[in-house]
Structure formats: structure tokens, C-alpha cells
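Which chain is which? They are A, B and C, in the order written, and residues in each are numbered from 1.
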Amino acid sequence: MRLRELAEKLECRLVGDGEIDVRGLAPFDEAEDGDLTFVAHPRYLLKLEASRASAVILKEGVSASSKPTLLARDPYLAFVRALHLFYPPERPAPGVHPSAIVGPGVRLADGVSIGPLSCIEEGVVIGPRSAVGPQVYIGRGSSMGADCRVYPQVTIREGVEIGDRVILHSGAVIGSDGFGYLRDRSGARVKIPQVGRVILEDDVEIGANVAIDRATLGTTRLKRGTKIDNLVQIAHNVTVGEDTVIAAQTGISGSTKIGNRVTLAGQVGIVDHVTIGDDVTIGAQAGVINDLPPGMAFWDTPAVPHFEAKRNIAGLHRLPLLLKSLQSIESRLKALEEAFRERWEGALRPEPSPEGKSH
Amino acid sequence: MRLRELAEKLECRLVGDGEIDVRGLAPFDEAEDGDLTFVAHPRYLLKLEASRASAVILKEGVSASSKPTLLARDPYLAFVRALHLFYPPERPAPGVHPSAIVGPGVRLADGVSIGPLSCIEEGVVIGPRSAVGPQVYIGRGSSMGADCRVYPQVTIREGVEIGDRVILHSGAVIGSDGFGYLRDRSGARVKIPQVGRVILEDDVEIGANVAIDRATLGTTRLKRGTKIDNLVQIAHNVTVGEDTVIAAQTGISGSTKIGNRVTLAGQVGIVDHVTIGDDVTIGAQAGVINDLPPGMAFWDTPAVPHFEAKRNIAGLHRLPLLLKSLQSIESRLKALEEAFRERWEGALRPEPSPEGKSH
Amino acid sequence: MRLRELAEKLECRLVGDGEIDVRGLAPFDEAEDGDLTFVAHPRYLLKLEASRASAVILKEGVSASSKPTLLARDPYLAFVRALHLFYPPERPAPGVHPSAIVGPGVRLADGVSIGPLSCIEEGVVIGPRSAVGPQVYIGRGSSMGADCRVYPQVTIREGVEIGDRVILHSGAVIGSDGFGYLRDRSGARVKIPQVGRVILEDDVEIGANVAIDRATLGTTRLKRGTKIDNLVQIAHNVTVGEDTVIAAQTGISGSTKIGNRVTLAGQVGIVDHVTIGDDVTIGAQAGVINDLPPGMAFWDTPAVPHFEAKRNIAGLHRLPLLLKSLQSIESRLKALEEAFRERWEGALRPEPSPEGKSH
């Protein structure tokens, strides 16, 4: 693609030779001849000049290069848009592969593809241009909107509702039973039937090997635009708000409510039945055992405001010194007590040195 | 179902109109007209009255309502039993789907179903009424008892023994190789063959995307009634006792023994070759590095008795104050030392203020 | 197998009756008549004598037994080699199962097996004697070397390069999208296309339900001989060095570089864009937020050198005592101040007791 053409499509101002051919995209330190790159921060401009990239996206009004340049308000965003142009998502050809098993009453809209060896149960509804498969399972009565992408070996159990433009990565399980038991009088565990559903709203993305349990009764819901990384656990009856981001291996226990625009780092754990406010950020490996108010950052187990966590950790790291300092204080105090006692025997109040009494 | 009929099936005493029709089940705050609900605690009785539920299960001898009522010793348990009546687990029709691949010497008892696109290897034995559901893999010589449910996309490797009424959720892998290597003289790792087996006893339930490794030699065993949540790791040669509950994302390392009726919260980690006593409870994200005696609760990394963990954490949170307090003590001590020295120069013993010597 | 024959194959010196028949292998405390066992440490020699094992592997020049014995430089290693002899890895018969779906342009070398219900997309290349399947997915253009083993229900996305003798366990997902988004001016998240690749070098082994993300651009790479346990997360653009071992449920964030011969225990978390030096060991559940220099052991969150972590934890556990000790010091100090003040009113400097001023 000509650089001039790219400038038009990305709505960037072109500086320099627009006739050069852009053959690929790369970070500036890996770029080869023919590549377009980008630099978001002026500190990399010198390295850019040494790079083999043929053209660059730079920030409007801030930076300049000897290379042919596209000027953008947000160079990284423009680069990402260029990636979308160069690597349009692969869409399997529409149609149902003959090896797929499709139950009665399944409704497939225009442009839907069902890959090899997938199993689509009775009554499933799939919206326009959604691509499912291969080796995917979709349970009875589940539905999916338009333009979804379901990668190989996803399991969607029965009664799951999925919006538009949802992406599900391989190994994800949507709608497995919640983890709930009662003990009867003999002490044996009775399984609580898990008969609720899961709703994934528009623009949700779910990572590889994620598990999202169906509600006991009612709904486990992930709202519009929420993105879930690999190996995350979402328990029964959880609600996750809009535009929330949950990093890998985090676990959210039953009935907990996560707000909008929340960021959970990796390996965070949140107990059941708590509420996390909007715009909260929780640091990696934190363990949340209480409601958290909106707009703040938290860390540590149990989670406390981030600055407190850092102060506590700094305190912990100073503990060995503190113990030494305490010993030194104690011996100085003892010396002073003894010196004082030498001068005035018995002058000290009896406690805390009981020997004082006998003097 | 008539309320009167439900009363009989649940063995509850009926108070009020038994002719009303129960059409669904719901928690009282979500109940609609026609729903049966339950209230386990008297504090919700007022809210119950405001609820749209048509009938309620209450605790015998404790509570009353203006709504038609079933009186039960344990209202929640009775409600769960009502759930079982209203939502009987779906059983696929018996038989082997023509798209399934079934090896030689496979023995299927009466009422077994093998779903589409499953692969059952040579010599597998499956007991009465077990339902193995689409896209499952069962390796050579594995066996399963009666009334099991295997959800789509489970992998059961060769030589796994599964009891009666076992439930395996999607994405679970049973019998993967244990993680064991030796270094040879050149330093390269030699894989230790993992040739043992896995036994899942009766009434075990395994969550989505769980991994249970086979033993190196011998057996990885989960005893009767144990329930495992999603994304849990059970390493080679682990033994888990009866009626133990393990929450999501917990990991148990090789050869460790977990007792009976143990509760492990989410994201717990336990090192290899330790023994956890019966009736132990371990709090979320705890890291266990030693044997733990029976009957106690533990938390934190490294895990200590729960009350100690809470005390330690409380101490950690007081550290900033403690540091201030120490500074104040030090300056008071210094002031006292100087005042004392002013009165009697040289009176103090030389240490710990070496300047004292020169006075 | 005769013990004499085994001695030759394992290159061990035989002591005692070489004509006995070895029928199985077992640890000494589980061994039955006919089993060969091993003892690596002299402290177990007494127990060995009580064992029912028929023969034993012992360390050359160190130990002796009344049982027929093989003497080896490394008894455990010799035992593992005996395991390889007794349990040769099962190799499915070469060929493509008729239920497998194989795309155009797929190249399969001699001795390759493709199991039932696997899906091999266009242009995949598989090297000699590699065994794939059943129910495996391999995406367009991926390649695999010789003697690989891919267990059931593995997903390998498009453009993944796999070396020789690589083992992939069930449920592993190789090449899922990295987790990357940008916010546009409206605040909505734009997915960053994940168009890089994954390279797994020779002798890599990947556990069950692992997720390894493809690079955004460039490569996610696991180098020769690295072993990954179950449920591990490897994010986009990570590099893991040679002969590194990563235990279960550990997570490594984007673009982080792990050195050679590193050992990561279970449930470790490492943030993005850090570098872990060669020969580092990181303890279980540690959280790494900085670069770590080579050759050292680390633990705790945030990770510090192992001895510091132990000292900090010991300090934390002494905090309750320390608080008591501080209270005792404070009351002794107060007693001394008051005694001093009684003798010389006003002698104390005004701070930190403001009352001093008024005396």
C-alpha cells in the first residue's frame, strides 16, 4: 500500500514522499526496509532515525523525522488502525461444514460459518456474519448476535445469550455450573441445581481457557465492552460492568458485583457477595475481602488503598532495622534507669522494675 | 405444580391455600407472581411480604407469613429440593451418536449416551445411565460407574477410574502427565514417565478447565463426595479425602495429602509432600508450606493459624504508626539522657553513647 | 525382563542373582513381589530391607542390600530409565483417521498419525513420527517437527512453529490472541490486532489447560528444553529461555523476558516488560514487579531476595511481641521521665512533653 493511500485511510497528514510502498508494520527496533513504524514518545526519535523503517507515524506538532511521516493525534492508535488495514481478521467462508452436527430448529443468519466438527444443539440462534468453529459446542437454546468470532474448542453451554461482536477464545467455557452445595442432615452435600443463565453483552472478549459459570437462578452478566484475559474464573451470579478489563488468572467469587471501567490486574482474587465501585483499579495478586468504593486504587491481601499497601510493604521491609533500633533503645533505657537508680536508690516508681521495691 | 403437591414431595407442612399453582422458583427479591420462594432468616420476613412471590418456604416454628407457606426444618434445603423437582437434570437420550468414534472392546451399560463427535478408545467401560456428552475424549481402558455426567469437551486420559454419580465439567482434563523431570549428567532434563493412574470416587464433581495429573507410579485419588471448583490444579500422586471442597484456582502440588472435610478457599497454593489434616479450613490465597494439624483454620503465606494471620495483618497495618511511636520514644529518651548528663556528667555508662566516654 | 538384561540396558553393575524376573517398578514403600525399586538415600536402607521389592537400584560405592542389586551412579536416574524401558510411550499407528478433517496443502511426514476428529487446516506441516490427536485443532500454516506428541483437545492456532520432540497436553491453547487494547477518543476500547506468532523450540513440554498467547507483532518464544506445568499463562511477546521450568498456575505478563535455567514455582506472577536473569529461582506465589538479577533466589510479593523475604516474614510474625515490647518501653520511659521531673522540675527539655514548659 502506498504511504499516501494509508495517510488518507488513517486520516493523517503526510510529510515527505507519499509514493513509497509500505509492505509491513513493525515496532521501530524490529522494523525492516519497507515497514511503517510509529514513535509515541520523543525520547525514541534518535533510535527511530537509526531504524530501518521506511516510514513512521509521529505525533502532530511534537516530533519530526527525516523519514516519510504520517502525523497523527495519537500515533499508537493510528498504528493500530494501520494493523487492522494490513491484517483484516480472517473470516471463514460462510456455510456449515458437512462434518458439523446441527440440531433441529437452529437458525443461522446470512454469512454465518460453522466450522468442522462443531456441535450446535437444538434451537440455537446465530446472528449475521458470526464465525463459529471448528470443534465448538453450543448448547440448546443459546443465542449469539452479529459479527461474533468463536475460536476452536470453545464450549457454550445451554441458555447462554451473547451479543454482537463478541470474541471467544479457545478453551473458554461459558455457562458451566456454579459451585454450590448444601449439607443435608446426614452431612452429605446436596448439589444446588444451577439453572440460571449467562449473558455476554456486545463487544465482550473472553480469553483462552476462561471459565464463566451460569447463575444458580438469575443471571451471570458481563456488560458491554468488557475484556477478560486468559484463565480467569467468573463464578455464578457475578455481574461485571461495562468497559472493565480483567487480566489473566484473576478469580471473582459468587454474586460479586464489579463496576464499570474497573481494572483488575493479574491473579487478583475477590470474595463472594462484595461490590467493587466504578473506576476502581486493583493491583496484581491482591485479595479483596470487602466492598471497595469507586475511583480508587487498591493492592495487597487483604486489599487496602494502594498508597497504604506501599507504605505497609515499606514498613515490612524496614522491620529488621526497626527491631535493631528497638533493642538499642531498650539498652539505652536500661542504662539510664540504672544510672538514675545509682543516684537515687528507690527513686523510680515500682513498676515496671519490681526490683526497685527492694532497694 | 400445585403447592399441596409440592408440600408432599418436599415433606413440608402446608399453611394456607394449597391449590395455588407454583410456576417457578426465585429468591424473594427477584420473585414474580407464580413463584415459590424461601426465607431462611426472620430479618427478611418484612421484605418477603413486599415480594411478588405467590408462596414461601419458612422455618418450622419460627416464622409466619400472610402468603401460602411450606414449613421446613431447613428452608434453604427444601428450596434446593424444589429446584431439583422443577429442573430435573437433562439426560440426553440413550445411545451412541453416529458421529462418535467408539473403539473395540468398549462396554456401554443400559441407558448410556455418547454424544456427537466424542471419541471413546479401546476397552473403555461405562456404567448404567451415564451421559457422556458431545466432543468428549476417553482414553484406553478408562472406566466410569453409573449415573455420571460428562459435559462437552472433557478429556479423560487412559487408565482413569471414575465412580458413580461423578460430574465432570467442560474443559476438565483428567489424567494428564505429572510434572516430573530429572537432570542427567549433561544437565539436560529427562522426563520421568508418568505411568500411574487417577481414581475419582463416587459423587466427586470436577469444575470447568480443571487439571488433574495422573500419578508417576501409583494413584492420584479424589475420595468420595469431594467437590472441585473451576481451574484447580491437582498434581501427580495427590490424595484428597472425602467430602472436601476446593474452590477455584487452587493448586495442590505433588504427593500432598489433603484430609476429609477440608475446605480450601480460592487461589490457595499447597507445596508438595505435605499433609493437611481433616476438617482444616484454609483461607483464600493462602500458601501452605508445612503439614497442618486437623480441625484448625489457617490463612496467609506462609499459612499460620487464622487468628495469628489476622493479628499479623493488623500489626502490619499498624506499622506506620509504630514507626512514628518509635521515633517519639527515641527523641524522648535522647532528651532524658541529655538532661541527665547535664546534671551528672559522665554518670551514664559508656554504652551505647560512646561520646559519654570523653565527658 | 531378567535383572541381568536390565543391568546391561541401564549400564549398571549387577550384584546378586541376575536371573530373577522383574515384572514391574515401584517406590520401595509400595513395591510388591517382582518389582524393582530404588533407594537414593542411605536413610531408607532399613526400610528397603522390609520392602517386598525383589530387586533394588542403589548408589555405587555407598550402599548395599541383601536383595539383588543394580549399582548406579544416580539410582533415581537409572530407575527413571527403567521406567522408560517398561513403559515405552504409546504411539498411535501412523495414518490419518477417516474422521479427521485435513485441509489442502497439508504435508505429513512418514510415520505421522492424525487422530479421530482432529482438524488440520490448510498448509500445516508435520514432521516424522509426530502423533496428533484425537480432537486436536491445528491452524493454517502452523508447523511441527519430528517425534512430537499432541494429546487430545489441544488447540494450536495459525502460524505457530513447533520444534522436535515437543509434548503438548490436553486443553493447552497455543497462539491465542494477546490481551491488548487502546482507547480511542470516545473512550471505547479498540482491539490491537494480534498478528505475531508463537515458537516452541525443541524438547519443550506444555501442561494441560495452559494458555500461550501469540505476539502482537513479532514472536512469543519458548526456548529449547523448557517445561511448563498445567494452567500456566504466557502472555504476548514473552520470551522464556532454555531449560527453564515453570510450575502450575504461574502467569507471565506481556513482553517479559525469562532467562535460561530459571525455576518458577507455582502461582508466581510476573508483571510485563521485566527481565529475569539466568538461573533465578522464584518461590511459590511470589509477585515480581522489577527486573531480577541472575543466579539468585527470590520470594514474596513484591519479590525480594529469598533470605530477605524470610527475615521480613519472621519480623511480621514477631510484630505482636514487638508491639508489647514497645508498650513496656514506653511505660518505663514515662516512669523515668516522671521520676526525673520529681527531682528536678523543669530539668527536661520542653519537647516532646509540652507539660514540661509549665513546670
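Here is the rule we use: a contact is a pair of C-beta atoms (placed from the backbone, for glycine too) under 8 Å apart; a residue touches a chain by one contact, two chains touch by 3 or more.
These figures come from a predicted structure and were not determined experimentally.
Engineer: Roughly how big is the turn, in degrees to the nearest 5, that lines up chain B with chain C by CA atoms?
Structural biologist: So the copies are related by a turn of 120 degrees.
Engineer: Could you classify the chain A-chain C contact as same or different, where same means more than half of all interface residue numbers appear on both copies?
Structural biologist: Different-residue interface.
Engineer: What is the distance in Å between the mean C-alpha positions of chain A and chain C?
Structural biologist: Those two chain centres are 23 Å apart.
Engineer: Going by the touch rule set out above, which residues of chain B reach two or more other chains?
Structural biologist: 99, 117, 135, 153, 171, 209, 231, 249, 267, 285, 316, 319, 322, 326, 329, 333, 336, 340
Engineer: If we count contacts the way the header does, which residues on chain A are in touch with chain B in the complex?
Structural biologist: Interface residues on the chain A side: 99, 101, 117, 119, 135, 137, 139, 153, 155, 157-158, 171, 173, 176-177, 179, 181-182, 184-185, 187-193, 195, 209-211, 213, 217-218, 231, 233, 235, 249, 251, 253, 267, 269, 271, 285, 287, 289, 301-302, 304, 308, 311-312, 315-316, 318-319, 322, 325-326, 328-329, 331-333, 335-336, 338-340, 342-343.
Engineer: Within the complex, which stretch of chain A touches chain C?
Structural biologist: Going by the criterion above, the answer is residues 25-27, 30, 73-74, 76-77, 80-81, 83-84, 86-87, 89-90, 97, 99, 115-117, 134-135, 151-153, 167, 169-171, 203, 205, 207-209, 225, 227, 229-231, 243, 245, 247-249, 266-267, 284-285, 313, 316-317, 319-320, 322-323, 326, 329-330, 333, 336-337, 340, 344, 347-349, 351-353.
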